[in-house]
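Presented below are the structures under discussion, each in the form of structure tokens.
What follows is subunit A paired twice: with subunit B in the first complex and subunit C in the second.
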Partner chain A sequence: MMRFILPLVLFLILAVFLFKGLGRDTREVPSPLIGKAAPVFSLPTLNEPAKQFSPKEMLGRVWLLNVWASWCEACKDEHPVLMQFSSEKVLPIVGVDYKDKREDGIDTLKKAGDPYDQVISDADGKVGFDYGVYGVPETYVIDKTGIIRFKQIGPVTPENLRDKLMPLIAELQAK
Partner chain B sequence: MRYFLIGLFCLLPSLSFAAVAKDIADDPVLEARMIHLAEKVRCLVCQSEPVSTSHSEWSQDVRNIMREKMKEGATDQQILDMLVARFGKSVLYDPPVDNETAPLWGAPFVMLFFGGALLIYQLKKRRGKVVDATLTAQDEQRAADLLNEPSSKDHQA
Partner chain C sequence: MIPELGHFSLIIALFLAMSLGVLPILGAARNSRVLMGVARPLAYGQFVFIALAFGVLAHAFLSNDFSVLYVAQHSNSQLPGQYRFAAIWGGHEGSLLLWALLLSVWAASVATFSRHLPEEMVARVLGVMGLIEAGFLLFMLLTSNPFTRLLPAAADGADLNPLLQDPGLVIHPPMLYMGYVGFSVAYAFAISALLGGKLDATWARWSRPWTTVAWVFMTIGIALGSGWAYYELGWGGWWFWDPVENASFMPWLLGTALIHSLAVTEKRGAFKSWTVLLAIGAFSLSLLGTFLVRSGVLTSVHSFASDPKRGIFILGFLVVVIGASLLLFAWRAPKVGLGGKFDMLSRESLLLSNNVLLSVASASVFVGTLYPLFMDALGYGKLSVGAPYFQAVFVPLMVPMVFMMGLGPLARWKKMAVPDLASRVRWGFASALVIALLLPFLMGKFLSQESSKWSPLIALGLLMSFWIIASLIISLKQRLSGEGDLAQRLRRQSMSFYGMQMAHLGVAVFIIGVTLVKGYETERDVRMNVGDTIVAGGYEFRFNGVTQVPGPNYVAGEGNVTVHRDGRLVAELHPEKRVYNVSGMPLTEASIQPGLFRDLYVSLGEPIPESEGAWAVRIYIKPFVDWIWAGCLMMALGGVLAISDRRYRIHQKATARASAEPIVSNLQGQAS
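Our next item is the complex of A and B:
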């Protein structure tokens, strides 16, 4: 009896591992930045190049940093979700227009609507690099002390907003 | 005309090379060092290609940053550490042995150990089962008869 059960058990264990592997998105690399201080920078805002934005301004508040671009197709899917979320006024959303032409960024927000409290322009992508961005859109939840608590690679969907982001934001805001 | 067109299309790849050529440092020594280092780094956008050969924009950025850092005098290790700090250990093709990756590195040896133990166990069990057969004179005669049958050509008397 044992000689049949043992291979079957081994096969099932292997099958479970392989099946789990099938469902995993290999592009989702766990970010080493989680739990670390959000990299410091100072960048011009998109609409007024003379005005600078720095994450220091956001200390004391839980906020979202959303990296997007006018050339990014997935950002177009994400955009209505952000518009809806922004209208709920849960927390400030700062947009980073990543490796984009200023005019294109402004144009996109004019046409599709602007969900952001502030938009900054990271034209050469240096800040994006410091934040470990490799596939836009990417979204970071940053807590009151300026520590990155969560990173979403790829578009924010209503589902992961409800299941992941909202509970985390509520928890961080209560602190 | 058709052959002319085919010839023309064959020349197309050379155009793509012309476009890539811009993405190179002026200093060939630095470029060689950069490419050598970039071979160890995974392109996170394309997953199965090193940054050294990838055409993705992200890889181009990484190569540019590597060149910049090298010009500033950073060592190869400093550059790799910088990438790991931002993108995680999976950017390295050769992940370091540490607490997190230890199971991965150790698994083959654990499997070898259990496989070996199983093999030894099975062999020992079998040794107990196999009994040396003692043949009676009758059995021997029967065996000899079978072996001597004309059809078995390779038999030696």
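Our next item is the complex of A and C:
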């Protein structure tokens, strides 16, 4: 008898998880890339298409790679947090304008302010693909040797900046 | 005015569906012919009104009626006509309407092609389908009405997502949905068998062709989606283990198990409750797939619009439908007999192992897809599961399954002696092994690669394919030995036998494609100036620059790449980089020269700044990649052959006679 009820029981347990999942923040998922070298690329910067950026330039420094786009609503929530954080000059922040029109990206930064030390234009999402971007915005902490140490899916909030990112950055910078 | 007519039709369809869900089932329980008799007219009625609503939405799209919000969001006056039509299912609301329409098509087909079935069976099956239809219509009317007005009307629409402006995407969703929805028929048969308490072989026989048809559609749908990803995303990949892909793959795996299990239930009367559970499971996974895609519980590169309120509704619907079916199962299934006995080694046992492996494979995809959600809900933090997990669990499951797939058709029902089976297959297995070990050494030369590459995974893949092919030859030989001339003997075999062999051959072809493309593909990501050449895999690619070409609703940078081999022109490729006028979204359109043994695949990356027309260019040579989809189509063709089997009609007449006699069982007593 029991074995015939089992499917029902399993399903009801699943339903509870699915219900919990509905209220869940799906965005904060670490990547399998953590602990691995940040994928190498070379792409034009947003403001000067002639200039190329490659993560190699950042070797020796701890830095943030922040993936955003002008069409991304959650990025608008994140933007003031990044503006504030960048004014503290803790570390360089490199933006990746993901699957976006160049003009739209420039326009957004002109209007809302530019928290980035450099912005890369990733119009066809190549970098996003290599980095396994799940949803925009995403933020990566990359250490002095070019290893990805942390990945945040979804907007950086003042809380996780204070509780997660800042301690990690301090630790990495001390090395 | 016309869009309101569509809205109104949906409301009428909802009432018809609710009546269909209640009256005939009640009639079957009370043995009332009048109530059972309304099932067919109601099924036709709901189809007519949903079709009307669909027609109204189609009209709104084709006539650019941007006062309809959904049209304004998903279309544009510049959009070519065929995509304006396909845009109907380019978003959430329209996809649901397509779902509902196809479900009513299936219900109407069941109503039409079920003359030979007992009245109460038809009443219950259509009733169950009516209940599902009512749930979807209610969902649409409450949370996702495609006819909502936008006042004042938009001057022009926001355009269809450029990724969806593609011939593949015109037919991929309808095919896939036909499969998803088609499993509702097997489900409805299983539920009505449980309701009626007659869980014998007959329900399996009746639902078998329907299940196969649904499976064929689903196979084609998934293959089309995969083919689309291959040429449209510009990365040359054909499967990404994305949650939305997995959502279609899970019911396919379970559906595959179901069509095999149904065969055993029909022929041997075994696995009765297991088959019912699979039928419930396959459709439940279809519904779950809809939930995953539509609720936004999982993030995905497909990223359709999602809304938590809709999620709550679908989840509630899931709990009612699946929960009630499993409750019914828990209540009724224990009283079902075990059916025919069979030995440790027999066709039944091989099919059972195949069933278990397919179900476990489906479960492992399920776990991989939902693992992040489970871990998060339990507070173990956030995780993501990628292709490495799926490959790691999938290969070990598929290897024994393929091995048994070769044995299954050779084994006898009920009982088979190990030495007998072994002596029949040993030469086949030995030749497959030799080919698998040696072929990789020749492959490198055949594909003009610098060095021959031998790897255990390539050999394993080839062994599996050639094992299937060898067992197929043995099986044919076994069947065709005997009296008469060959043509006669060929004709004597049933279509379903050929269908099975065709589908299994499809699996072999599929595995060859997967193995060889993975083992021998050449990928070059290079910067090319105008006039540059690059040699890859024996081909010389010359980049002749990019020119601007206007399209109907986009501007394309069209590259020109000529490919030479041994000084002879073999292909001229035109990869495009499009920018769509309205959304400004860029899109990579790869250019492919397909071939039996290799695809030449070129796509454009980015223009190199500060250069004279130089671009980043991706050049791929994909050996045997088309075999992947050819294999899928052969599987689907196998299904088509199986349905065309003459024996179904004969059987159907026989069962109609058999079931006309009263069958007394203690279950029936309890049911009434």
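Here, the second predicted complex is superposed on the first by the 145 of 175 C-alpha atoms of A that agree within 3 Å, B and C clash if a C-alpha of one lies under 4 Å from a C-alpha of the other, contacts with A are read in each partner's own complex, and residues count from 1 in each chain.
The criterion applied here is as follows: a residue touches a chain if its C-beta (ideal position, glycine included) is under 8 Å from a C-beta of that chain, and two chains touch if they have at least 3 such contacts.
Note that the structure is predicted; figures quoted are calculated from it, not measured.
When the shared chain is aligned, no partner comes close enough to touch A:D107: not subunit B, not subunit C.
Of the two partner chains, subunit C is the only one that A:L18 touches; subunit B does not reach it. Using the contact criterion defined above for the overlaid structures, shared-chain residue A:G132 touches subunit B and also reaches subunit C. When the two complexes are superposed, the chain touching more residues of subunit A, out of subunit B and subunit C, is C. In the superposition on chain A, subunit A positions 26-27, 29-32, 99, 129, 132, 134-135 are in contact with subunit B in one complex as well as with subunit C in the other.
Across the interface of their complex, subunit A is touched by residues 234-235, 273, 277, 280-281, 284, 291, 295-299, 303, 308, 311-312, 315, 318-319, 322-323, 326-327, 329-330, 333-334, 370, 372-374, 376-377, 381-384, 386, 388, 577, 579, 584-586, 588, 605-606, 609-610 of subunit C. Against subunit B, in their complex, subunit A makes its touches with residues 26-27, 29-33, 99, 125, 129-132, 134-135.
Taken in their complex, subunit A has these residues touching subunit C: 1, 4-5, 7-8, 11-12, 14-15, 17-24, 26-32, 43-44, 49-52, 99, 101, 104, 123-124, 126, 129, 132, 134-135, 153.
Those residues of subunit B whose C-beta lies close enough to touch subunit A in the complex are 44-45, 47, 57-58, 61, 65, 84-91.
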